[in-house]
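A, B, C and D are the chain letters, set down in written order, and residue numbers restart from 1 in every chain.
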């Protein structure tokens, strides 16, 4: 019973924090554009509005896919420690996280292919291609972390960095951190790696056919995704957090760096993006791995 | 190639049997017959008039003739030629110039759509702009646009006032 | 023609829930990124730094499925009208239509054109019309704020009008799009060319 | 790493059933205006393309035959909403040519200033367009806000923000208000000071270079033969500019060079716009400095009843998109007998679409369209 309660609490927390992050991101982007921007709670309003709208479904697979995308990411989130709190304790949770994170995209792919819109299909094939691009360097960095800490538990990596700021992995493996940051940019779908959304090319890609509740679920997936991805970086490189507040502040910093980069670059084409990801972050990750091995 | 002036160009064209008139220092108009105008345009193209700016029609309903006007310009000589060809209104058929300029394809489609002039040799004269159009080509003088709008869209002069 | 009474009855049924949800609806208006005419030229200033409509939660959206507002930015030709109707019918409810400029009221300066419809309201229901050619950015922003007030008060119900009077709208639409004969008698003067042999020059 | 060489789409090209029609526009965020291409696709590669025009068709040329000579001035700027003044000037010049009148010197300078201001607004939009099509919205937001500085100046000068109807047959409507030129020079300084920002965020951005380089190449000869004009022509290495070759307004008195580049691809066209942007600021400064005192319009009698003697003329003006030409036939009445408009975008929008797009993927369509500065209303009319 307690676990069920925990799961609901964790998911609500992740969704709320993710949505507020998205709102703050929009606000920061607006400042870069020299304008005021929406209030920070705008994303929450958007989602509530979307949930109240008429929703057009194409078939059962579309409903299932959208729910699968959201639950996949929420499932991932449950294995990630937030300032020492964790829903499911596990010794090898990096492996589980690696698997579960793909489910979000696969669910989206299922839902979107079911709609049959060619723009959506192009978008989803781009999203999956992009996944190939960023997962390889990101998991290589993770491999480095596992070797360095002799453990594949996020909690252990987290605790190893406790004590002082200088224990953080960002100082221990700076090259790996840069590689992970680049991969993170692609993971969150921020520019220059947002080829899967690309409104000017494929009219917002996977979201073309989504209306009302489905788009709302898409937003929630995005919000949880942001939470999960920033939480991973904070756990791996910034020493987790002593309290939930500091943890979330660190997450926000990681997210805002991504937002700033998002606003100073145009987007790569998908093949250019994958090429970039397989050369630069991958190269850096391998260099880091070699340095650790020596 | 020597720079041609308006006067020498008019003389040159007169020797080839084309009447012309000067409009300004850098612009002339030329009248050609529908039988051999393509040759003349080809000649003009070879002496440097390589820019086809537009093809448009004019409906001279009083004289019962259409006129097809080719706007040709030379980057070298800096002269613009308004090249005019008259065709009868009952049988508005003229040769195409797609072989000389590729973009003529679309100008001819446009003139066909708006005047009903047929360009012999042009393979695709489908409508570019109008859909579900069964009336006279709209730019002909005997097409009454106000009456059309009134019947189909219910428009009223002065917005229905007065 | 429009059955106002039944609309009001429907409104009274779910008032409380609507009041709450209307707040969220008015604070998050997504408009469709479709420029049907030249009035769209004043949208970039409204969307970007100078007037910044995102302050009010208004933003452009890529597809009709995602959008709440359809902006008819100026005159619409017959071909555009077809696409507007398709777009409008794809949008999920609740949806609103803003019509820009004089051309959408009575054709404006294109009143006697053979390809521009005169009164947009005959083909789809319009919530707000903004006068002017083209409307200034302030007018656009003001109309958005007015629409927000109308949504909060539950007055912006034109999309229901479309359902209840579908026959009326459909008849008007069909007049334009159904296969039809010539509108004017002068069409008999048309010349039809028969390809002569050796047509190639 | 060449993804094309082993992609499945190559195999699929032979299979007839795998192609599908994709409607790129009119209702598409990447489309410039209400226009569209129907793309015949295999995977993400384009097989062939069919322009889907006509959504903007208003029958301008017919309507102009229904209205008086001066009434038509309300119609002409609406042919190109991004850059409206060249239309007014070309129309007025054609009318003046038929009437055989010469406008006062001060009016010529005022026309030049409005033309160049209009060009600046169009270039700022084009800069925003480059950003938007590449998914880079920061320059879009900046440049649209900067464009408003000029819009405010236009409003002060003419009373209209977008459509000005400032040029009339015989000159311009009224003289510039007091203090206008000083303020205009200030605005020019402000806009010039913004250029380094645009350089660093857009024109020198490595990803922009990567995206645009080699896209939509037009060779020097092809550009001349197919009727491209304006920045597109000059970016392919042709030194042709109506302002220099067939001088009009006050351009003969101003000192400027035709800017040409050799590249011929989308990147060169983007840089061309950036270079000409600088030149335009310079031209406005020169014109403001040299403007003489005097009348701003001829007395042509009551303009509402203006009669133009029989005749015809084709006059062209260099707009931000290329050569705008007005061919006007008058039969001596109170209405034109025929007005034909030459819009600059047709060769790019139709012909080059059919040449370029089948070599591209869906990714590049919007950027390609922006780079050729295609403005659909000027061929849709």
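Throughout what follows, a residue touches a chain if its C-beta (ideal position, glycine included) is under 8 Å from a C-beta of that chain, and two chains touch if they have at least 3 such contacts.
It should be emphasised that the depicted structure is a prediction, and the values quoted were computed from it without experimental measurement.
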| item | value |
| --- | --- |
| Most distant chain from subunit B by Cα centroid | A |
| Subunit A and subunit C: spacing of chain centres that average the CA atoms, whole Å | 38 |
| Approximate Å spacing (C-alpha centroids) for the pair subunit C, subunit D | 28 |
| Rounded Å distance between subunit B and subunit D, as computed from the means of their C-alpha atoms | 23 |
| Sequence positions of subunit C contacting 2 or more other chains | 33, 48-49, 62-63, 79, 112-116 |
| Sites on subunit B at which at least two other chains make contact | 129-131, 138, 143, 145-146 |
| Multi-chain contact sites of subunit A, meaning residues that touch two or more partners | 33-35, 199, 203-204 |
| Every chain pair meeting the contact rule | A-C, A-D, B-C, B-D, C-D |
| In the complex, subunit C residues that touch subunit A | 21, 24-25, 27-28, 33, 48-49, 52, 54-57, 61-63, 65-66, 68, 92-94 |
| Residue ranges of subunit D touching subunit C (in the complex, touch as defined) | 26-29, 33-34, 54-59, 62-63, 66, 74-75, 78, 81-82, 125, 128, 140-142, 144-145, 147-148, 151, 161-163, 377 |
| In the complex with subunit D, residue positions of subunit A that touch it | 32-35, 118-119, 122, 125, 191-192, 194-195, 198-204, 263-272, 275, 278 |
| Residues on subunit A engaged by subunit C in the complex (per definition of touch) | 26, 30, 33-39, 42, 45-46, 48-49, 52-56, 199, 203-204, 207-212, 215 |
| Parts of subunit D lying in touch with subunit A, wherever the complex brings them together | 1, 3, 20, 22, 28-30, 41, 44, 131-138, 141-142, 145, 201, 205, 207-208, 210-211, 361-367 |
